[in-house]
Structures are given as C-alpha cells and as structure tokens.
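Take a look at the structure set out below.
In this document, chain identifiers A, B, C, D and E correspond to the written order of the chains, with residue numbering beginning at 1 in each.
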Amino acid sequence: MLQYAAIVLIMLGLYGILTKRNVIKIIVSLNILEIGLNLFIVSVGFVDGGLAPIFTSQNATNDLNFVDPLPQALVLTAIVIGVGTTALGLAIAKTIYAKYGTFNLDEMGEK
Amino acid sequence: MASIELLLIIALASGFLAYLLGRVNRVYGAIVTIVSSMFVFSSLAYFGFTDSLDTTVSILPYVTFQVTYLGMFFAVMITFIYAMVSFFNPMFIKDYKYPGAYSMLYILSMAGVIGVFFTDNFMVMFFFFEFIVWTSMFLIPLGHSRKAAVSYYAFSAVGSFALLFAIFMMREAAGSFGINAGLAAISGTNAIVVFILLIVSAFAKLGAFPLHTWLPIAHGNAPHPFSPVLSGALVKLGAFVAVMALIKITPNSYVIVALDLPLAQYLVAIFAGLSIVFGTLMAIRQDDAKKLLAYSSMSHGGYILLAFSLGSSIGLSGGFYHIVTHALATGAAFLAIAAVGRQTGTTKMSELGGVIQKMPVTYVVYLIAIISMAGIPPMGGFISKWLIFQAVIDKGLILLAAAVFFGSIGSFLYVFRPLAALFLGQEKPQFKGILKEAPVIMLIPMIVLSGMNLVTGIFPNIFLQFINKVIVELGMAPVVLGTYTIQGTNGILDPLQITIAFGIGVVIAFIIFILLKKSKQVGLMDTYTAGNFIYSEELMHYSVDFYAPIERLYEKHTTHVQDMYKSLENKVKEFGNVVKYFFFTNKPEITVFWILIIIGALLWGDLL
Amino acid sequence: MTVINIIEIVISILVILLAFLAINSKTLIKSVMFLSGLSMLSVLGFVLMKAPDVAVTEAVIGSGLVTALFVYTLLAVGKRGKKA
Amino acid sequence: MKNFLALALSLFIGFLIIMSLRNNVAFPEYGTVNVASRVSQAYLDRDVTENPGTVIFGESVNLESGPANTVTAIVADYRSFDTLGEVTVLFVSSLGVALLLGTKKQKRLEVDFHPNFMLRVGSRALFGIILMTGIYVAIHGHLTPGGGFPGGAMIASSMLLLYLANDSFRAKIKGFKILESAAGSAYILIGLIGLLVGGYFLQNVLDNGTLGSLFSAGFIPIIYVLIGLKVGSEISGVIDNFLTEEGV
Amino acid sequence: MSAILLIVIPLLAAFLSILVKKYSANILLVVSFASVVLLNYIPLEVITIGGFAAPYGINLILDQYSLIALYAVNVLFFLVVAINCAKFKKLSSILLVALAGLNGMILTGDLFNLFVFMEVSGIAAYLMTTTNQKPLATFNYLVQGTVGSSLYLLGLILLYAMFGTLNMQDMAFQISSSGYHIAVTAFPFLLMFIGFGVEAKLLPFNSWVQGILGSSNRLTGPMIASVYAAAIGFVLGRLLTELFVFEGTLLLIVTAILGFSIVAGEAMAFGAKKVREILLFSSIAQAALVALVFLSGFTGLAALLLIANTAGKLILFLITNTATDQLGNDDISTLQGLFVNNKVVGVSFTVAVLNVLGLPMFFGFVLKMNILLEFFQTDHLLWPAVILIVSVVEGIYFIRLLLKLWFKESDLPQVEFEFTLKYVVVVVAALLILFGVYTAPVEQAADDLTAIQYIEGGNL
C-alpha cells in the first residue's frame, strides 16, 4: 500500500510542477516528488515481518529475517542530495524574487 | 610519365603558396593562379593525350587513380577553362575583400577537379566533389551577393548528398567503393533508386529544371572571373554524373517500344526538354547579361542531358561535343561580359550601350561566342547541335525536337540582345572618355577561346575522334568520321565545306558592305529630332526591351519554381517555430508534460 | 488485515491528501506546513518499513531543516513584500 | 480545468505505472522481497571479501565491516564513495547558496519576530543538549540509527536555535569554512590512507573490533564524525545565508 | 597512479580552495592541467574502491572508452578554464567540483554512484549558470535537471528491485541471464533514458536549453554545450551500449524521440535569428544524432563524433559568447561582419562550422562517411536519408551564418579577442583539420572502440 502511495506521491509531485506557476510551489512539488521517491526506494527493500537491519543484542545474528539495507543506504544519500537541491532552489528563488519582485512565473516579464 | 598524384599535390601546394604570396601582394597570388592552372592544364593535356599519365599513389592516403578517356575529357576541358579564366584574376583581384583566399580557393577547387575525374574510387570522388563545392562556395560571395553562395551551396548539397546516397547503395551492392564495380553491380529496384538519385544529383549540378534556381543567382553574382568557371567548367560535373546514370546504369524500367527508349531515359529527356524551353524563355527576359548567360547555361545543360538520355552514339557524341563547345562559348561570353563589367562597373544591359566603340576586340569575341551558342555555322555550337538534332530526330521524338529547335531559335534571340544592348547602340555619356579596351592580359584568353570556337566549328573531327574513344570506352559504337566529315544517321556533315561556303558568304557581304557604303559616321549630337537640334546626350537609342511582347505572354509564370523553394524554406522555418513554441519556454512544465506523455505511451503500449 | 496494515493504509491516504493540499493550498506558508507534515508522515512510513536510519535522517533533515529553509525564504520575502 | 486535466493525467499515468508494476513478473510484490537474491545479503552476512560464518552481535570480531548497523556499514564502508559524492553535493550547494545570497551582506534579516525571555533562555539550554545529541548520533552511527548526516543536521539545528534566540547573532562563518574544508579534506585523506596502506581508496585499514562495541568499526566513527562536522558547518552556513541580508 | 586520483585531486583541491580564496583560480588551473597530464600515466584497469569487489562495492572502470572520454572532457575543460579562470574566480571551487563530478560520471561502473556524480556535476552546472544573470532560466534548469535525475533514480531502483544489483555490468549480466521477457525492463530503461535525456538535450525534455545556452556567457556556453555535453554523451553512450536493451515499443519510442530531435533541432536552427540559438538548436540535433549512432551500436564512431562535435561547439560558443559579451546581444545583424577584422578567429570558426557540416578535409567528414557507411552496412536506409536531408538544412543555415559573419562593408562590430582565446581556438581548429586529412588514426580508434572487450568488472 505504501508503495502505491509513493508512486502517487511521485505523480503528484510531477502534477505540481506541471500546473503550478509559483516558484516556491514548484520547489514544494519537487520535495513531494523526492519524498515519494524515497518512500518508494525504501519500500522496494521491505520484507513482511522483517527486522530493521541493525544487529542488536536482541537481533544478534545474520540468520534473522532482516529487511534489505541497501535501499535504505541509498535513500540516505538521496535525502541529502534532495536537501542540497532544495537549498539551492530556494536560494535561486530568492534571487528571482529580488529581480522580479514576485514568485509567480506568469507575472515575470522575461522573454 | 607524369604522376597524377604529383599534379594534385602541386596544385594543392600552389594553392597555399598563392595564399601566402597573396598576403604579400594580392597580384602575386593571382599570378600564381595563372602559372598553376596553366601548368596543370598543359601537363594534363600533354601527358594525357600521349597516354603517359601515371596512376601510382605513394603519398596521399586512400586515394587511388585511374585514367579513363571519360575522366580525361572532362578534366582537360575543365582545367582549360580554369587556365584561360585565370588570366583575368590579376585584373580583378584588387576588388576582393579577401584576395589571398580567392587565389587559394581558385586553385584548390581546380585541384578538386583533378581528384574527381581521375579516381576509380567513389569515396575519393565524392571527397573531391564536396571539396569543389566548399571551395567554390567561398569564392562566390566575394562577388555581389551572399545569398548566391547560400543557394549555390543548398542545391550543390542536394546534389552531393543524392550522389552520396547512391554511392553508398552501390557500395552495398558491390562490396567496395570502386566506381566500375559499383556501377556494374547495381540491379533491380536498387538500380532504379540509384538512377533517380544520380539524376537528381546531375540535375542539381547542371542546373536543369526544376533544380535550376541557383544558376542565375550564383552565376549572376559570382565574381566576374569566376562566373565562366562556374558556368563553363564546374556545372559540367553534373554531366559527368549524368553519364554515369544514363549510360552505365540500366534500370529495369519499362521500355517504350515506339521510341525504343526506356521510360527512365524518356523522363529525363522530357525534363531536359523542359530545361531547354524554360531556360530559353527566362534568358529572354533577363536584364543582367550575366544572368542571361546563366539561364542560357541552363538551357544548354538541357541539351547535354537530352543528348545523353537518347542512348545512341550520335547523341552521346553530340552531348560530349556540346559540353566542349558550350564551355568554350559560354566561357568566352562570360569573359567578354566580365571585361565589360570591369571597364564599366556594371553588367546590366539597361545601363550600357555602344561599348563597341571602345572595346571592339571584346565585341568580336562576344559575337563569335554567341554565334556558337546559337548554333550557327561555322562555330562549334553548330556541330554539336547538329549531332543532337540528328539523334533526336532519329528517335522520332517530335516534341523534344520542337523543344530543341525552339531553344536554338530562342538562344539566337537572347544572345543577340546583349549584343545589341551592350555593344551596339548609343554610347552612354557617363562612360564617355573613360572607357577603354580591356588590357592585353585579358584579351589573350578571350582571343584563345574565340579561336577555339572557330576551330571546333571547322575541324570538329580533331575533337570527335577523341570523343569516339570515350564513347567506345562507354561501350557504344563510335560515330563514323571521315577526314573532314561526320556521318550522321540521315546525312553527312562536312563542316569544312560549310565553313568555306559561309566564309564566301561573309566575304561577299563584306565586299558589298564596303562597296555600297553610303552611310557616313556622324557624331552623336550631329543630328536632330522633331525639328530640333539635340543639345544633350540623352538616351536616344533604346535597345533594352526587345522582346516585350513575347515576354508579356509568360511573365506571370516565371517565378513558380522559385516560389516553390521559397515556400519550402518557409515550411521548414514554420515547422521549427512550431516545435519551438511547443517545446521551448522558460517553464519546467513543458518537460514534465512530455515526460508524462512518453511514459504513458510506453505503458499504454505495453498494457494493450 | 492487521493493525499494521490499517496504519499503512491510513498513512498512505493521509500522505496523498497532504501532498495534494501542499500543492493546492492558497498560501505559500500553508503549503510549506503541509509539506512539513507530509515529511513527518513519511517518517512514520519509514519506521513502518523498518528503516530507522532513514526515519531519523528524514525527520531531522527533511522535515526540520527543509521546512526551516522554506520558512526563512518566505520570511525574508514577506518582509520585503511589505516594504514595497 | 487545466489543473484538473493535469491531475487526471498524472494520476492516470500513476495508475498505469502501478498496473505495469503489478503485471511485471520480475518486480517483487511489496513485502515479498527475497533479500538473499540481492547483493544486500552479502552486506548482512559480511562476506564480500571473506567468509566469517555466522555474524553474531557482541561476538564476531574483526569482520570486514564493523558496524552493527548494516545501513551504516553500507553508507560508510561498502559504498563509502557514494557518501563522498553526497558530501560533495552538500558542499557545492552550500557554496552555491553562499554565492547566490552571501555576496556582500553584513547583517541579520529583520523579521517581525523578536525572541522573548523564555525562548532566549530555553534555546541556550537546549543548544548544548542538541549539540551533544548531534555529536552522539554521529559517533554512534555505526551502532544505532542515525549517523553523520542527521548528527550534522542536529549540530546545525543547535546553531539555528542560537540564531532564533538572539536576533542579532551571527556565527563565525570563517570558522565554519575552516571546519568544513578540514573535515572534507580529512575524509579524502582517510581515503588516500586506505589507498596507500591497503591499496584501495577508502579502504578501512584499522581493526574493526567486536561487532557492537563503540570502537568497533575502524575508520567509520571517525568518518561519521567528520561528516557530522562537515554537514553541520555547511548547513549552518546555509542557514546563516538564509537569515542574513545585504545591509550594514 | 590510479584513476581515482582524477576524482579525488579536484575534490581535495575544491575543499581546500575555499580556505585560500586568493589562489583558488590558480589552483583550478593547475589541477585541471594536472588532470590532463595525469591521464597519460594511468593504466587501464578496473579500480575497486574500499577493497570491496563489484558488484558489492563501487568500482571505477577505466577502459579504452572511458580513457578517450576522459581525455576529451579533461582537455576541453582545461581549455575552457584556461580562458575563463581569471574572470570567474568566484566559481573556482565549483568548477573543481564539476571536474570531479564529470570524471566520476565517466569512470564509475556503478549505477547509483553515477546518479550521485550526476547530481554533483548537475548542481555545479546550475551554479555556473547563475552567472548568466537569468535566475529564471537557472531555476528552470534546476527543476528539470532534478526531475530528470529523480526519474533516473526511480528507474534504477526498479531495476534493483528486479535484479538485486547496482553494478552496471552485473546488471547487464543479470538481465541477460534472468530469462525474463525483455519487456520487464522497458519501463525502468525508459525512465533512465529520460533522466539522461534531460541532461543530454534530447528534444522533448530539454526546454531548459534555450534559456541556459541562449543567454550563456563565455564560461557557461562552452562549458554546458561542450564539456558537459561530451561527458553526458559518453555516459549515455556507455549506458546505451552496455546496459540498455531497447526493443519493441520502447525502441520505437526512443528512435522516434531521437529522430524527431534531429529533424526538429535542425528546423529550429534554420528558423533562428540569433547566433547562439542557431548553435544551441544545432547542438540539440547533434546530441540526438550521437545518441542515435550509439543506439545503433557504432560505439567508436559515436564517441569520435561526440568529440568532433563538442570540440567544434567549444570554438563556436567561445567565439560567439566573447563577441556577445562585448556587443551586448547576439542577433545576427549585430555580429555581422565580425570576422572582417578578426581573421584568425574567423577561420577557426569557419573550420568548426565546416567540420560540423561534415565537409571534406575536416574531422567531421571522415566520421560522417563512416557513420553512413555503417548504417548502410546494417541495412538501415532510413537514417542515412534523414541525416543527409537534415545536412542540407544544416548546411544552409550555417553557411548563411558564416557569410553574414564574414561580409559587411561598413560599421563593423568592434570585438577584442585576447591571445589565449585565439590560441585555443586555432589549436582546436588545427586538430579538426589534422584528423580530417590524416584519417588513419581516427578509423583505427573507431575500430578499437567498437571492438573493445570491456574489462571484466565484476566477479560474477
């Protein structure tokens, strides 16, 4: 179920970029897309009844049914990269605002 | 023995030498063009006709050579034109924006000619073919118009790429780029495609209908000394391609029994006929003498194509001979006009008149050239046209014969016009006193070419014997030649007799002219009109709109083909703009939208 | 249908709802708040899918930091907007 | 209307994607993944370069990768190169934010919000706690969930609190820069040590100790602390850039 | 010497350069030159990182193909930097990161690692384009780039879910040995292709190009159109030859996209009135052509074509953007007559154009002929026809442009080209002629590249 929700999130993110004319809204949509993507990636490694992939004193051996750790590692990377792009996007949004006085793409008179 | 490779390398090297010397003094560069082209022409001609051209290759990679009569025919003739025209270069070089580049490109394009005609490899041939295109392309804008170069390139590119496609198809059939192997190997449907492609290429190069629109633009606007090269020499590359297509490839097309002619050839012949008619009609309308000659080139290109398409020995030899005579005639005519253009600064007929007073030699050269072009004895043009008539009538192509006759009469009409408008008539006041005969260096090639025009008309067999070798090489029976006579299909032509008869006629006319001379030379102002004396040198003599009534018949229909290309160009532009509108805005949504659509298309296709 | 499944379904629906609201809300600040909420919910999702590392990271970075950056952008701009 | 059509289109494509994934025989259904068929199993078993037998928490000694947290083992050991790239992304984006927003600014952003007494005192108190938590998370990344990135982000949050607590506070950006540069360089140097000593870039050449103990993963805690410091200083720099503006 | 240094040294230099801002430009210059030098000393090998062999760890693959790619990218990068580093001091660290990212992208044999490096170089590119002073275009680029790389990641994850590996070669092996119908990978492959398509300027996904390149300056124009295009092209080529298997609907869609890109790109360039627009639209068509040649399996030729095109674009964009920076806009009418007083630059520009057109004596001709030959030999008659027809269109607008730039009577634009720039463009142009005349090494290289057995990357 969460997997499907993730795909819907991705599509909603694309829908946001497709329809919104506001710079901030577009960045929000990008974030939604990324969250959806992250959820999807993690969901790809999920095993029913699996354990979090950390050896502890309770879950002490590798014979146990762990979930796939690799997608989680990838998501960690993806999240950080997402933050990088978001921060950059917002910085650009600020310069756009400084130049045009608005966030709305339709109100900017650029050719 | 002379190595072709060595010649090619010398030509290339002298090109760069010309550039360097041209940097020092622009005239030096132009002189290099004379030396180099004369050298190349004379060694080609000398060693070629003594059968001692060496084809070994030791330095150039991939290049291989062979000597064929066909190739030598074209190469010698074209380099001859190059050599003749090069005498004009020193006098014109100072007008060019980039003189060094002019000299270099002039020689390089000639080097390309050697490469095209002496190779046995299609790829090498194409290489030099394109090489000629881009070197000559940069020569044209040194004249009047940049647009001319663009349109020249566009049509040349169509021609080259059609040729290239055909080359690759033949390579697939033969397994190698060998010219003979390729032409022999092609068969079936592929042969039809290759045939069409080669014909398109030939049409584009020759400027035959409907791929002719570049001719007047390019010839009309090229630098004065380069127009004769274009029209007399480079255009003939198309004839070379046409020979390959029409003679060497026999597409399996339906043969029209009544005419004993395959449909493919017949279609080419029809287009050739259209070129003759159209070129003639358009030439009649032109005001610029160079454009006029350009359209006449188109019409003569039609003659050549028509001759080749008939597939008979007489036709072939007529076509080949017409290549020679037309090159000589158009070269001389263009040079004469170039001389006028240099001395007066214009080639527009409406702005000129009475040049004969100051440039009599140029006038005679032009006169001889137009007589040849119009196909009147005793010039070469008469012989070649006679051969072509023979071939056409032999096949019983009535309509085409009509076109040929029309072209012949028409060409008399149009070449007479510049004669009257440029040379005869009233001298224009603005040129009075400053107009002089062209310098000697320019007269030399003009006189040589005129002499050749006469020689081709009087002793055609010198040339036809060589052409017979070419024809035999192409696998046809040679034309029967006497010492001075040519055996046609329904008659024997004796050019010498004709010349003698003609000469006698001229002599008689001259005697009458001298004896019965009643008129005396009067000054321009020494007359009166409507009872008044004339005080100013206004234009009294109008020789511009000769054929206005004829022109009026078709003046609305002269631009259809140009319009077609123009609208094609606009369609491409429109398409580009539509795409731009749909895909390029400064908004990310476009990309996302198309991504969604494409994903949808894939998944939809997979689900169904 | 276990409890986990029901929680999953609820989270899924909520996540989609929040995403829709974040995209379509009238004011930007609301949009950012919905995004933050969406991020928090996704943390829950990560936990359910046994990805504690991701959950921690998303909670701190995705939900906390990104929201802060959005808010500061809007703050800086809102002030200027008043001035103008 | 356009809005609705776009929504319908994207949801429809989403539906298509879901359907095609359901129909896809190769794509495992949610929750039925066979981890053993993937490379991940080797990370869990720690048997990429050697065969340690059964991995047991608190007993296995000197495994090829020491962290008890397998995700950390992947992030900082098996696929440490990715993490280097990830650090670089953050580095370059913080540089970019500084480039875009921090050209010639001197002062804090003026907002209609002033911290009251509670906030001031509370933030200062929390600052220390959060900073400590962040460092703890970073250091224990190989044992517990978390690690360098959330740890660094927590460090940055503690700085953020300072900004909130005092509306004229400016952190020492230059210090951040040095920290950032040093941490990044140190990360690469560790990698190069691996190259020189072990023959592979980023190879873990220290002993790994017992699975589950604090000093058990060779370079990994060090790397995670470095990442924590780097991320912390970078994000603090970004926050500073967002919270300041041109002016005196 | 290990290829890892090509990534690590620029990265280390980037981290250190923020401390010594004063010398950052010099560091950049030295490091980018060092990379070029270093390339001569690294052996061909598969580099395992962290001691974990592929597919478990990340590996870098340095074979003939990536070596050529690295040469192209590093040399082009160095040239661009050498001309610009003094003027764009502020970007030094970012450029260093970009170099590391591009090298990493080319070298890596791991699909996720590729994503990371794609983002590294992508973000560096977004930042570079902020110097165009068109934040909106940069924003557009950023959004599209992010969407593209997200889609790439999604496709990658789908593949991982199916085949359980991230290593490129292992993935290809798993796919071919899995026995599944090829249709299962169609969707992920399409997603990855789209992800790269955004960066590689393939048509429906590239609306950022006009904003970025259409207003580019001397750094960003050559950088994006030449250096980045080369790197992305090479990576896309590797994916197309080594991993992607396009069949059925997917093949149809991809070829339709590429064909449309070629035709529409040339048509748009034909209608364009600004010099940079002509260049950027033609580079769209060229990028698609390169991808098409890769897709058809002529790896070596495609690689060389990519080099020829990007080297040409380097010259074109450098000259155009230098002139535009000084004259204020890039309408053809403004730049008309540019070369009358700048003949050296003009000749180089002309050589680059003729090279792109594939006229004889130039590198492009050899490649074009060989590509057409390959198409004919595999019985694809459609593509040569398309290529030749668009070549006519391409020729017309380029020749028109050239003549405008060469001929003008009076009122000539005054543009100063400094010595470094002249030197660079002349050298590159000379190389284009050299390889057009001396074709033996080119054909040898093409054969080598097509025939190479990729070094065994994994232990599976």
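The rule is short, and it goes like this: contacts are C-beta pairs under 8 Å (C-beta built on N, C-alpha and C of every residue); 3 or more make two chains touch, one makes a residue touch a chain.
The shown structure was predicted, so the numbers you read here are calculated from the model rather than taken from an experiment.
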Moving only between chains that touch, what is the shortest number of steps from chain A to chain B?
1
In contact with chain C as well as chain E, sorted by label, we have A, D
Look at all chain centres (mean of CA atoms) and spot the one farthest from the centre of chain D.
B
Identity of the most central chain, Cα criterion
E
Of all chains, the one whose CA centroid lies most distant from that of chain E is B
Counting in whole Å, what is the centre-to-centre distance of chain B and chain C, each centre being its mean C-alpha position?
76
So what's the Cα centroid distance for chain C and chain D, whole Å?
19
Report the inter-chain centroid distance for chain B and chain E in whole angstrom, where each centroid is the mean of the CA atoms.
44
Sequence positions of chain B contacting 2 or more other chains
586-588, 592, 595-596, 599, 603, 606
On chain E, where are the residues touching two or more other chains?
112, 116, 119, 123, 126-127, 130, 136, 143, 147, 158, 160-161, 166, 187
Please list all residues of chain A that touch 2 or more other chains.
1-2, 4, 8, 10, 12, 14-15, 17-19, 26-27, 43-47, 50, 52-54, 67, 70, 72-74, 76-77, 79-81, 83-85, 87-88, 90, 92-95, 105, 110
Touch relationships between chains, expressed as pairs
A-B, A-C, A-D, A-E, B-D, B-E, C-D, D-E
Partner chain A, residues of chain C touching it in the complex
5, 8-9, 11-13, 15-16, 19-20, 22-23, 28, 31-32, 35, 38-39, 42, 45-46, 48-54, 57-58, 61-62, 65-66, 69-70, 73-74, 76-77, 80, 84
Which of the residues in chain E end up touching chain D in this complex?
2, 4, 8, 11-12, 14-16, 18-19, 47-53, 55-58, 90-91, 93-94, 97, 100-101, 104, 112-113, 116-117, 119-120, 123-124, 126-127, 130, 158, 160-167, 178, 180-181, 184-185, 187
Please name which positions on chain D make contact with chain E in the complex.
17, 20-21, 24-28, 33, 37-40, 42-43, 48-49, 64, 77-82, 84-86, 88-89, 91-93, 95-96, 99-100, 177-178, 180-181, 184-185, 188-189, 191-192, 194-195, 198-204
Chain D residues within the chain A interface of the complex:
2-3, 6-7, 9-11, 13-14, 17-18, 21, 30-33, 35, 38-40, 43-46, 54-58, 68-71, 73-75, 79, 82-83, 85-86, 89-90, 92-94, 96-97, 100-101, 143-145, 147, 149, 211-212, 231, 235, 238, 241-242
In their shared complex, at which residues does chain A touch chain E?
10, 14, 17, 23, 26-27, 30, 33-34, 37, 40-41, 44, 70-71, 74, 77-78, 81, 84-85, 88-89, 92-93, 95-96, 99-100, 105, 108, 110
